[in-house]
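Beneath this line is the structure, given in structure tokens, with notes to follow.
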Amino acid sequence: MTVMTRRTFGKLTLGAAGLAAPLVYSRNSWAAGKQIQIGIWGGSQGEFVKKRIIPAFEKDFDCRIVAEEGFTLANVGKMRATKDNPKFSVMFIDDVAIPICKQEGLIAELPKSDMPALANLYPRFGFDGWGSALAISVAGLFHNTEVTPPDSYAALWGPEYAGKLKLVSPKNTPSVFFLIVAAALKTGKPFAEAQYQIDGAFDKVAEIKANVQNLFDNGPQAANEVAQGQADIGLLELSKYVYPYTAKGAPVTMSFPKEGSFAGNNCQVLVKNGPNQDLAVAFMNRMLEPAVQKAFSEYAFTAPPVSGIEFSNETLKYLAYPVEEMDKRGLFTPDWEFINANRSAWTEKMNGIFAV
Amino acid sequence: MTATVSPWLKAIVGVILLIVVAPLVVPLLMSISDTAYIVFPPRGFTLKWYGEVLANPEARGSFLFSLELAAIVTAISLALGIPCAAGLTRYRLPGQDAILGLILSPLIVPLIVTGVALLQLFSLLGSRATFAQLIIGHTVICLPYVIRSVSASFVLVDRNLEDAAAIMGAPPHVVATRVIWPQVRPGILAGAIFSFIVSFDDYPISMWLADGDHFPVPLYLYTVIERSFDPSIAAISSLMILFALLLVLVIEKVFGISLARLAS
Amino acid sequence: MTALAATFAKDPEFRGAEVRLSRITRRYGDLTVVNDVDLTASGGEILALLGPSGCGKTTTLRMIAGLVAPSSGDITIDGRSVVGLPVHKRNLGMLFQNYALFPHLTVLENVAFGLAMRGVSKAETSERAREALRLTRLGNFEDRMPAALSGGQQQRVAMARAIVYRPRVLLLDEPFGALDKKLREEMQIELRQLCNSLGLTTILVTHDQEEALVLADQIAVMRDGRIEQAAPARTVYERPTSRFVADFIGTSNFLPAVISGESGGLTLLQGADGRLFASAVPNDLTAKDAVMVAIRPESVRLSPGAVPAGEANAISGPVLRTVFKGQLLSVWIAMPDGGEFVASLPIEDTVQSNPQPGEVWTARWASERTLVVRGQ
């Protein structure tokens, strides 16, 4: 039916052996022949999960992991549509959606005793046991390397940036970061307080309109356009969409103004009543193991949510790691429950302001 | 046939063709750029992106899977759609309008809604057969195109020709093959092409029903765009454009139906 | 055309079949479209089914063809019942109003179709189809597509196609409706000659009384699903049995009257205002029947002055208007009861006597031209 057989994957896993945990084979025999479906992200992270992590795991456990690349909202939609008879066992979603999934009864609590790798997880990425982060990106500005970025977001409202900015579309999660920035600038308060005052900040949002060349909803494409000089600066986007270009030599990179940066947390959740839960838990544990986390982070330029991983200085340029570095950079995680409740109203207001 | 075409008309047709074709040329040009990211106009010349795409088992797998899916869906849509269109146009049936409305309804609802509804239904039924689900899902959205285009050709069938043939001694199966078929063939071919392309290009239905083993090209393309925006995306797009072109040429050669006739 | 007849003469067995309809009825739900029709077309005869639209003539033809099944009654061709016999086994030929040529086949392929269906060898099919086309004067058009032909040429292809396999019966459904008048008249004559020389039994549906008169040996006038009158063409014209027939074929002045007696082969009638009529045309009507006297305008002679009292088969009154129609002059005379009476004079006669509006003139006609018809 399809050529994406297990064997072909095997050929692709060059050097993937290092990702296999040093476990004794016989201990995993319970999983032999089992299969689960998981929903992952697209992008370079998805590529790495599919080509490197899964083949090694399948080999160790003699099982089959069928991974479908998607995105957070689609993955939540699939969990909703198959709630009574789940098709997926593990879902990769952004932290923004975890409260929703929990509320709707789509996900199960992680069984701590069966997941030794949870021991090293920073508590802030544990979501009270309803999932774990897998990768932390930092959201900030991305700009053409020939442009000197401002050290404060406030400068982007100035006339010298007229028509030179690309703004993230209200459809995308980083749009919320932009609203928090606008509220912070208006009120002079830090992000943690400003996020509750977004409703009063839309006059500030409207003021930037003259500087915005257009809205973008595909981060990699926007980064590509900035690299080509079609715009000077894009705001805001997660580092994982931008740094892969930087590393390839494209003239685009990120900068993080003094007001602080945002954490974009890519997470995994366990689908409630999903097939073969034991295998699903084993896979989620594998995702958090140090060897996997190191390679995954280096490939996608994201920070691991677990402690004790060593990176080269070259890599550390792109990562906010370890947790002390995150705090130093003022990495902020919004109150998603509050934000989700207001998001659609804000999206409408944004559409009203930026409608052509 | 022999009427002279005014130069103005020619010019207007030329401009329209240019507007239609120009956007298709852009990815072709971008795909040969020797840069790590997409630029237009292209810089340098290389065919390595095509090599990369063609050598990539994921891309090949998705492409072959989409081909297989579209072919099966088209065959089923024709098998169901031709008798249905014939029945709806050649006989007065009770509830005819309701039947037609039901068949066309997947095109009225946003496809993304149809897709999630199907996923929910299959989940309730306890079905895990992804391939069958995709075939059913695509058939649901391809069937309306087949039925619309085939119905249109059946409506135009001259019933007098069938009577004439029967009177001259043609038994019903000969009437069907020698009189009705030549009249409805263009409509059926048009329906088949629509069906194939709708299935081949479908994103919203596949997005809900596909899994990692059954991953059609449009889904693959989307994930690749997220991975990195390099010229290999333009290469895949170009290959899809060339494939569609090839499809049209093959149909012209093999079936001897000119596109002009399809359009009329 | 005679050459074509010669080719058919190669088959000495050939003769047109007799078609007989017995008590044929066709209903659609509550609607009876054809009602208890008895009709016979003898071998080699041309029969016209004539009537206004909706009279059931086309349905009758389609029942003969087998395209519509009768609700009751029997149809025989050469004595053999064909009810239940599928269309393609009836060995008929048919000409359609829109010719029904296959647009995807060439002229030659169209003509060859019926032969191919009969399992005639390829070589013979081709030879006979070419011959039929030559004989319908379309020899140079073999490879054309029908769409590239004029209406008259298409009609000839349809004709060649219908007769090339020598059907026993030829059915024509308003075959000349789409042609202009001059071409139509030409084709009518050609068809008549063709059918006569081939000895084909031909059944023609038309609403055009002139076409029926030109083409047919027998005319069956239909009205509301029934046969109103079936008789040789000339009889239908000269001796219509009902007001409907007299009105549909030709034009007539209708004068109300009652049969008052019979004398020396003449039917005597009494009209309004004490008018008297005598008819020498045979009829089977009695004093009890509601009848009318019908006078064809061309049967009338005109003379100046008023009619003497008591004269039969005459009417007089002031001329209302005259209309010049080429060979004829139509003259309208006002009758005392307010009606109008129309007479047609041959144009040569008007040299002698030229009626002018306002003058009183008398119309007279022979008892042989006094028609007595059923109706009111």
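As written, the chains take the letters A, B and C, and residue 1 is the first residue of each chain.
By definition in this document, a residue touches a chain if its C-beta (ideal position, glycine included) is under 8 Å from a C-beta of that chain, and two chains touch if they have at least 3 such contacts.
In UniProt terms, the chains line up like this: B = ABC transporter permease; C = Spermidine/putrescine import ATP-binding protein PotA.
Small disclaimer: the values here were computed from a predicted structure and weren't measured.
Please categorise the chain-chain contact pattern as a line, ring, star, complete graph or other.
Contact map by chain: line.
Need the central chain here, defined by C-alpha centroid distance to the all-chain C-alpha centroid.
Looking at where each chain's C-alpha mean falls, the closest to the middle is B.
So which chain is the furthest away from chain A, centre to centre on CA atoms?
C
For chain B (ABC transporter permease) and chain C, let me know how many angstrom lie between their CA-based centres, rounded off.
Inter-chain centre distance comes to 55 Å.
Please tell me the distance, in whole Å, between the geometric centres of chain A and chain B (ABC transporter permease) computed from their C-alpha atoms.
35
Could you grab the centroid distance between chain A and chain C? Build each centroid from C-alpha atoms only and quote it in angstrom.
Measuring from centre to centre gives 89 Å for this pair.
Which stretch or stretches of chain B (ABC transporter permease) touch chain A in the complex?
For chain B (ABC transporter permease) paired with chain A, touching residues are 36-39, 57-58, 60-61, 64-65, 68, 116, 119-120, 123-124, 126, 128, 131, 207-208, 210-215, 219, 222-229.
Going by the contact rule set out above, which residues of chain B (ABC transporter permease) touch chain C in the complex?
It is residues 158, 160-161, 163-172, 174, 179, 182-183 of chain B (ABC transporter permease) that touch chain C.
Would you tell me which residues of chain A are touching chain B (ABC transporter permease) in their complex?
1-4, 8, 12, 37, 41-44, 46-47, 50, 66-71, 74, 77-78, 81-87, 218, 220-221, 223-224, 227-228, 241, 244-245, 248-250
For chain C, which residues count as touching chain B (ABC transporter permease) in their complex?
Residues in contact with chain B (ABC transporter permease): 65-67, 86-94, 96, 98, 100, 102-104, 113-114, 117-118, 161-162, 165, 171.
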